[in-house]
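Residue numbering begins at 1 within each chain, and the chains themselves are lettered A, B, C and D in the order written.
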Amino acid sequence: MVSRPELKEDTNYVNGLAASVLFVVLAAVFLTASFGESAGFPEDASLVAGIGYALMDLQSMAAVSVEGFLASFEIIGLVLVVATVAAVTLARRQGDSAGLSTALTDGGREEPRSSASDETEVEN
Amino acid sequence: MVGAFDYAPAIVLLPFLSFCLAVGVALSGRDLLPKGGALPGIAATAGSLLLSAWVFLTVSGGETYNETIYTWAAGGEATGSLSQPLELTFGLLLDPLSAMMLLIVSLVALLVHVFSLGYMNDEGETGLPRYYAGLGLFTASMLGFVVADNLLMAFMFFELVGLCSYLLIGFWFRQAGPPSAAKKAFLVTRFGDYFFLIGVVAVFATFGTAKFAGEGSFPRLAEAAIQGEATVNTFLGLAPTAWFTVVGLLVLGGVIGKSAQFPLHTWLPDAMEGPTPVSALIHAATMVAAGVYLVARMYGFYALSPTAMAVVALVGAFTALFAATMGLVKKEIKQVLAYSTISQYGYIMLGLGAGGYVAGTFHLLTHAFFKALLFLGAGSVIIAMHHNEDMWDMGGLKDRMPVTYYTFLAGSLALAGIVPFAGFWSKDEVLYEALVHGLGTTSGLGTALLVAYGMGLIAVLFTGFYTFRMVMLTFHGEPRTDTAREATEPGWNVKLPLVVLGILATTVGFVNMVPVKDLTGAEIDFLHKWLYGTEGAGWAETLGTSGYQYHHVLFADYGAGMAAANLPSYLVGLLSLALALFGAGSAYVLYGGADPDPYTDKLGVVKDVLYNNYYQDEYQVWLAEGVVLPLSKAADVFDQAVVDGVVNGVSSVSLFGGSRIKRIQDGIVTHYAAMLTLGLTALLVGFAIYGGWF
Amino acid sequence: MIIETLIGFTFVAALLTFLVPDEVANRVGAALSLVPLVGTLWMWTQFDGSGNALTGGTLAFETQFDLFALSGYQVQWFTGLDGISLPLVVLTAFLTTLAIVSAWTPIDSRQSQFYGLMLFMEANLLGMFTALDFFVWFVFWEATLLPMYFLIGVWGGPRRKYAAIKFFVYTNVASLLMFVGFVALTFGGLGDSIDTLSLPEVAMALDAGGNVSSFMGLAPGTLKLVAFLAMFVGFAVKVPVAPLHTWLPDAHVEAPTPASVMLAGVLLKMGTYAMLRFNFTMLPDVASDLAILIAALGAFSVIYGAILALAQEDLKRIVAYSSVSSMGYVLLGLIAFTEFGVAGATFQMIAHGLISGLMFMAVGVIYNTTHTRMVGDMSGLADRMPVTVGIFVAGAFGYMGLPLMAGFAGEYFIFVGSFHSTVIPSAPLFTAAAMFGIVIVAGYLLLAMQRTLFGPFSLDADYEVGAAPFHDVAPLAVLLLAVIALGVAPDLFFDMILNAIAPLVGGGA
Amino acid sequence: MVPVEYYLVLSAAVFSIGLYGLLTRENALLFLMSVELMLNAANINFVAFSLQWGNLTGQVMSLFVMGLAAAEVAVGIGIILVLYRNFKDVDVTVPQSMRW
């Protein structure tokens, strides 16, 4: 009995064909399309600074044209927090009042009290 | 000045009022009226009779009435080549023909109401309000039909009398027979009315009006159209004459159904399941007369078409002969009378078809009285026999019920056509008209009339025979059952109508003694003058419903194209009288003994055929039960299996398809992802090809 | 605003009835349904419209205001009455009240919901017959299905679920087809030449002619044909025209009596009403091109329905199939494009609504007492329930087209109208063929009456059969009186109908 | 300069590799990894087009994609834990109760 999840090797290659087909189609589409010469960036412009300005809605100060993303920036921050909370919530064992320490740190070890956890569920 | 015509609507409304009263009583479920509603009915019909008499007198004075009194529905725009929009109206047409018919109907109705006191009330029947309601509604509808001034109104009341006939035949609805007979009566006449209705619709579509008489009436329009003086719509690419023939024959369908002519006569014998007074009123004197009355009413239209005239005459003559043969072998008294009714209406049709407008009308008049008399007489016998109608169970009633016997005898003599009783004069005139017009006319119509005359003449022989076979078996000889031995004559309310009708059956023929006129030159053809009016003046001119007008059209090139041979009427009369006497005499000889044998049994197969009415009922029942019902069952199976099967099939296919396709959603994430991938690929390829990316 | 008030009131009444306790729901429902009845009768007396609503006639009680815009088309609240819709509105209110009273005996569970649904249906029907904006009309049109679905599905007979789903799916698919047809015609064909979805505007734009553009590769003529066929088939299911009729007998047999009354009396008329409004008013030229087909369908429905009725053993099925037959006459009258044909067809809608309602109610009363509807299970009922049987007989004769009853008037007008139609080829032959229905209808009704009502009394069930209660018989009597009144004086409605259809006739010729 | 088509083909390749992994593997953790590849394929596109049009928006977007990827992984790992707890396995083909 291994103590960690094993990587299964029962690969399903038939399904994979679909991905290959998609690649062929995409490649064919891209290679037959023509986009013309790329515009590129000014030699001396600081792209990283531009990104920073864009995130703070200070796009007028950026050297390269960009839109403001302050709202999106804040929202993505919120989403990250929510995702973290969601992850923690999901990872918590139901009825486990001890918190999430075990779930996060046991490396996916077999849970010895798994059958008992059903009972706790009923009790709660 | 308030005259008879102002009160004419009351002729119709009075019996209707009695109907409403009786219905109200029937609904209340209590015995509110004495005699179960008979008295209002008697009062109403007596009132109608008085008013009819007043109208009759007024019409005798040369006045007529032809007015619209109620517009039922009216269109807004003219159709086809017509100038006027359609108007569907109710109105009164009071001319000599309708005045005469009013008298007949209201008189017989009154007498039958009185008779019903004896036949229904005294016998302790239940449901009398219903009975008198039916009689009242019938009388009202019949009178409404008689005074109708247009074909649509006539059709409406024609149907209503059919309803009343249905209700009254089925009066004893708790038994199995009457409802079935009622159904058959309505259904068979409905089959005829189907053609009639097409005819009514066609008349409206053709002429834009269905008025019988006066300026712009459809017979006049038709006459003008044939002469090219008026434009009407014709259909199906037919010329006016041909189209009018078609329309006339369509209307004739209703006539054949209602007047029980071949091949739609089968309902009438069955209709004898109803109470006998009803048989007398509806199935002998009046409703059955509605058909032939209609032909007389629109005679100007029929007279335009030689084909229609020939069909009318041939149908009539064939029916007269055909029904008479069946009457020869019947056992039940009402059955004999029923077949004789069919036969006699055949004579009326023959008379009308042969160009004898007066003759046909005359026979209608006399027949109404003597046949009502015979039915009421039979009713009296049936009361005495405790509702046993088999003549072989009777016999010897002559002495037990003399009033019934003598009146019945008068009616029988009239029916057989023995001089000087009413039927002789009218039947003789019918045959005379058929013969002279048959001999005179050169076209195919002439031949048809001669054939018809031949059939009519043979039927005279049979009529005499079956009439006196009936009289002999019923009244003469020894009583063959205990009931017959103990029979007693019913009360005054039975005898009074019998006596009144007996007198009429004896004398009413005197109103039109054409042979006597021919012999003596005395101007005694009163009915003829009554129906002809004054040529080119008065109502004969304005209404166009006089004998002169009809005569003119019949003999015109554009009309039926008849011509008359020159024959003395008394010679023809003598011939038919001799035949009638021979028939009656042989019946007397065969059945006159004390205990007659059933001689007709000796006819063997012929008797079976006759007794079973030439299997006419069988084939009609077979048509209904052997063809139509299986057809409808097959249609039902088809409907359920195929039509509904397709519907349910669509549903099943959808359900089955869904149950299969849903299995794509198998719960394995990888498969979903693969499908997404394939879908995206397919979409891309699709766009690429459609958008020309490659 | 009287129309809106009535519709609004009826919706509120439906809600109220839904909320009252079951024990009083029957009386509350009946009382509340009197308000729209009185209102419509008042509108009848005050009716001052003239002409056809769709061809620019003067509307009575008109209301029109904008609701919202739908991709460039203005959706309006647009209601009003002309001579075609007013009789149908009166019929709806009249029959609803009577149907509610007739429900007192048979409905013995969930009464408040039942009567609430009846009123809800009435409100939608009133809206459907008065709305003149397609969007609003369509909402009402679809919403009438809903209460009927529940009425059949909850209070119906043993196979109610099958019948309810069949009814709903069949007619709803048909509505979809009709919707596609109309939308293709207006959005695709008329395009920018209209800026609202009001039916008069669409009709007049189509009537102006020449402004239908091609759409999705369909030439204008083809587009009109396709739209006509889609709408025709959609409405034909509702009518129903054979062979699209099979939902009807199942629905009727399973539906409780009051629902049958509404279904036969009013809901079937939605099909012919819409046909008249859409197909025959908006696309008369297409209709007259297809006249021979439509007339043949009409005649076929008449005969086929009647022959099927002859084969039935269930009284309700008999009446249901005879409805197919009677509605065939309406189709024949509509396609005639003559004054009497179209007006007669409209009149026949009213007449048939009353008479079939009467017949279904009478069958229902018999069923309440005998608990069977099979012809073979009983006979001689006239002995036990004379008044009911009397009215049944009268109603049956009305169905057979007895003169001086409404059915005869409607049928006769149609026959006269279609006989001289110039649109139908060989019109007399088609008319004569359809008229044969009057013989078959007499056949099956008389046969059924003979077997059930007359003869010696017997009943294959252990029930005490006595006279029906007053509130069962009263609606029958009222209906019978209405039938006779309309038969004696068809001008009560016929005048205004004539006036309203006058702009349509000859349109196809 | 490198034409944008090459970047696109590269991104398509990366995307297809991710998709290939998604389709062929049954291990939920490998799923997450594959999804990460696919997201990065998108990022390549963003950056490539940012260069193509001379506009920084694409690059900002790629930052957001990274942020979202982090969130996705957090939630994804949580789901995998639940999966493991309920099925004692991280094979995505095992849970099949949410079918027809």
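Rule of thumb we're sticking to: a residue touches a chain if its C-beta (ideal position, glycine included) is under 8 Å from a C-beta of that chain, and two chains touch if they have at least 3 such contacts.
Bear in mind the structure is a predicted one, so any value in this text is a computation, not a measurement.
Colleague: Please tell me whether A-B or B-C has the greater number of C-beta pairs in contact.
Modeller: When B-C is set beside A-B, the one with more contacts is B-C.
Colleague: Whole-Å distance, chain B centre to chain D centre, using C-alpha means?
Modeller: 94
Colleague: Centre to centre, by mean C-alpha position, how many angstrom separate chain B and chain C?
Modeller: 37
Colleague: Measuring centre to centre with CA averages, how many angstrom lie between chain C and chain D?
Modeller: Computed value for the inter-centroid distance: 60 Å.
Colleague: At least two partner chains per residue is the criterion; list those residues in chain B.
Modeller: 670, 673-674, 677
Colleague: Give me the residues of chain D that touch two or more other chains.
Modeller: Chain D, residues with two or more chain partners: 19, 22-23, 26.
Colleague: So which bits of chain A are touching at least two other chains?
Modeller: Counting only residues that touch two or more other chains, chain A contributes 12, 15, 18-19, 22, 26, 33.
Colleague: Looking at which chains touch which, would you call it a line, ring, star, complete or other?
Modeller: The chain contacts form none of line, ring, star or complete graph.
Colleague: Once bound in the complex, which stretches of chain D touch chain B?
Modeller: By the definition above, chain D touches chain B via 19, 22-23, 26, 31, 92-93, 95-100.
Colleague: Quick one: in the complex, what on chain C touches chain B?
Modeller: Within the complex, chain C contacts chain B at residues 166, 169-170, 242-243, 245-247, 304, 307-308, 310-312, 338-340, 380, 382-383, 386-387, 390, 393, 397, 400, 402-404, 408-409, 412-413, 415-416, 419-420, 422, 426-429, 431-432, 435-436, 438-439, 442-443, 446-447, 449-450, 453-457, 489-491, 494, 498-499, 502, 505.
Colleague: Going by the contact rule set out above, which residues of chain B touch chain C in the complex?
Modeller: Result: residues 26-27, 71-73, 75-77, 79-80, 85-86, 88, 152, 155-157, 159-160, 163, 167, 170, 173-176, 178-180, 182-183, 186-187, 190-191, 193-194, 197-198, 201-202, 204-205, 233, 235-236, 624, 628-629, 631-633, 635-636, 639, 643-644, 647, 651 of chain B touch chain C.
Colleague: If you look only at chain A, which of its residues touch chain D in the complex?
Modeller: 5, 7-8, 10-13, 15-16, 18-20, 22-23, 26-27, 30-31, 33-35, 37-41, 47, 50-51, 54-55, 62, 64-67, 69, 72, 76, 79-80, 82-84, 86-91, 93, 103, 108, 110-111, 114
Colleague: Over in the complex, which chain B residues touch chain D? Could you list them?
Modeller: 662-663, 665-670, 673-674, 677
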